[in-house]
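Here the chain labels run A, B and C in written order, and each chain numbers its own residues starting at 1.
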């Protein structure tokens, strides 16, 4: 800044007291708190990488990504580590969830943002919030004891454990997420754009479909991606309702195993640490982590990159 | 309506004859059909939104129907048992209390500390943006991956074993992003002129934070903490991963005891084939939902109680 | 600038420059402010008068990218010296803001805030400080029966007097006021102006105002700022009746601003 050569009368000075030291310590302590989240990420990536590496020293990369049989928890002589059945199971459940959640979530968002009067949304929004707060174990119970019997009434040949029931309930679970994020995006569309459309004689439906939804599209798509990422990582519903049969199928009435439910099954079994089956937890965990990470980054990219400047 | 229609005609280039009555204009345009479409869409959107409400109703009815009769004093006073009539949630209930009891202070300190750092101290540079990006990505990591981290880091590497402490630490990392986001929002809502007033009187930055910023933002922070806790109470997968077991016949006495929690107890009952255990699971869910509901009611109470004062 | 009188200077500003990044907001300001006077800073908005006011208690420090050259001397010390404790400086140089900004705490806790921050915990002394400060701010009679009430429940004018009381509670020597009446109704404004006249017995007051009548009514000296420069500074009557600079004359006769 500049030179200071004035006297030191000391009127505005305070000895370097304890309070001063404390004051200087605080930002450092708080920074340490903020770094916990960074270390959490590093910890996740670190453990996954190190254990996955040792897994791949026992199982070849090629086997993991090309074989179509997953029998990690069988006796060693019969073990196969082709991850595709788990990925297929995950995508099947997620696909069913998307078929349920995307239209219903979007329609709910349009209703709440464009049609509902404030009184109605004051009732409906908290209900959606409650729905979002229901623990997944409860959804799992609901899938197994309510949705599955209902579906088996319609499709009697379907087994107790099936991808359909789990997928539907996972879809229900992510409806609130998609609805509320999409609604946020639509509420951010300025009123004057809507009014311009109304002034041209558009009906509410036309305004919603041709003006509001396109204007909020990036936020809406980001909400879909986030919702599906949540579906991929969902564990308890699929563990309870989808069964534990790793198989490469697109038949929703079949029992499947997802990446998450395999991890639970392997962790609750009596696999000793260091065994290949145990290592499979990390390899599958890594695959799952990468899936969701890519989707989350994609969602952030979409909502940032295509953010409309109103 | 009429103004809209006239404009539509302009658009369609049909308004050459000014002698048309409005009714005639209406018939000429497709307005009738468009309005019908609007009504239909309105109905569909409403039905979609109601699906959430209906599902919530079905879910609650399903749980109450199955579990209500089983919520008895025995249920609270007994440990898990092979005999459904004698089984209870004592160990799980107190395990949940223990885990939450340890998670609350940890999340509060680390979460609010991070939020204060980011809002009040951090410079707006790349490092700060990196921390923020990292936190929003962590929020999207599947909870089971946190379980893998907890298993590797706390249970094995740090040698905490399958204990309450390991469970609480895992939970803390899991819900930290929720608390950070809520606390940051609350802190950034503090009017800046209050900070300036405090600093202008010669208060230090930390004094300003402690005496002005935190009291003002506390309701928002507490709401966020409660939100995070209701997430933690319902989480099952990460605690399954770190090895919380369900057949425990004691309540934790200190932080390094083995434990189980309500969702895990419910899960283990759900997985048993005998119908009686499904009733126990439903009863457990009722208790879990009651805990969640009272916590959320408390959050609403806090919000209303303190928002009046501003 | 007459230095002939025997009164001491509270503040001496020499060659003060201030930059917001690349933009220079204050240019070579030189000014002396005598103790126990009221100095009004006037000028069109954006002229730098508020920025100048905030250099005196270093409130500009918090804005990223601000750079300052020159010296501001109080009690023989350059307040921009690295050794200076900003908190101690601000204790001596209090500030009242444009809009009343009481804390959402009780009236008592608002006034006791400063003393508490500076380490005063004795309840009896705090009581005395609160009463004295509220009396000085001409608010005591109105609030003495409801010191525990929330300060945010007071009227705007009362809130601003409370903020003045809060500032006085740490016994500053200098009180900076940044358009303190701009958010208030005429009656409250009159009360604050009256109060300022009282306060100059004990304090040096530097007040930014956009209202020339107010400057003429309450100040001993007036400084006219334009585009970051101090155009003219003089006894208030002289500046308004017989300005030396054409720009000052244009401004006070309402030709711009």
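The criterion applied here is as follows: contacts are C-beta pairs under 8 Å (C-beta built on N, C-alpha and C of every residue); 3 or more make two chains touch, one makes a residue touch a chain.
All values derive from a computational prediction rather than experimental measurement.
A.B. asks: Name, by label, each chain that touches both members of the pair chain A and chain C.
C.D. replies: Chains that touch both chain A and chain C, as defined above, are B.
A.B. asks: By mean C-alpha position, what chain is farthest away from chain A?
C.D. replies: C
A.B. asks: Given the two chain pairs B-C and A-B, which is bridged by the higher number of C-beta pairs in contact?
C.D. replies: A-B
A.B. asks: Measuring from CA centroids, which chain ends up nearest the centre of the complete protein set?
C.D. replies: Answer for the innermost chain: B.
A.B. asks: So what's the Cα centroid distance for chain A and chain C, whole Å?
C.D. replies: 54
A.B. asks: If you average the Cα atoms of chain B and of chain C to get two centres, how far apart are those centres in Å?
C.D. replies: Chain centroid spacing, chain B to chain C, equals 48 Å.
A.B. asks: How many angstrom between the C-alpha centroids of chain B and chain A?
C.D. replies: 13
A.B. asks: Residues of chain B touching 2+ other chains?
C.D. replies: If we look for residues of chain B contacting two or more partner chains, we find 204.
A.B. asks: Could you say which residues in chain C touch two or more other chains, in rising order?
C.D. replies: Expected reply: 87-89.
A.B. asks: Using the touch definition up top, name the residues of chain C that touch chain B in the complex.
C.D. replies: Interface residues on chain C, with respect to chain B: 57, 59, 62, 64, 87-91, 94-95, 97, 99, 101-105, 113-114, 116-118, 150, 152, 163, 166-167, 170.
A.B. asks: Can you check the complex and tell me which residues of chain A touch chain B?
C.D. replies: The touching residues are 19, 22-23, 26-27, 29-38, 40-41, 43-44, 47-48, 51, 103-104, 107-108, 110-112, 115-116, 124, 127-128, 130-131, 133-142, 144-146, 172, 175-176, 179, 198-206, 208-209, 226, 229-230, 232-236, 239-240, 260, 263-264, 267-268, 273, 281-282, 285, 288-289, 292-293, 295-297, 299-300.
A.B. asks: Going by the contact rule set out above, which residues of chain A touch chain C in the complex?
C.D. replies: These residues of chain A touch chain C: 1-2, 4, 6-9, 11-14.
A.B. asks: Any idea which chain C residues touch chain A in the complex?
C.D. replies: Chain C residues touching chain A: 67-71, 73-85, 87-89, 92.
A.B. asks: For chain B, which residues are in contact with chain C within the complex?
C.D. replies: Counting only chain B, the residues touching chain C are 123-124, 191, 193-194, 196-204, 207, 211-212, 215-216, 309-310.
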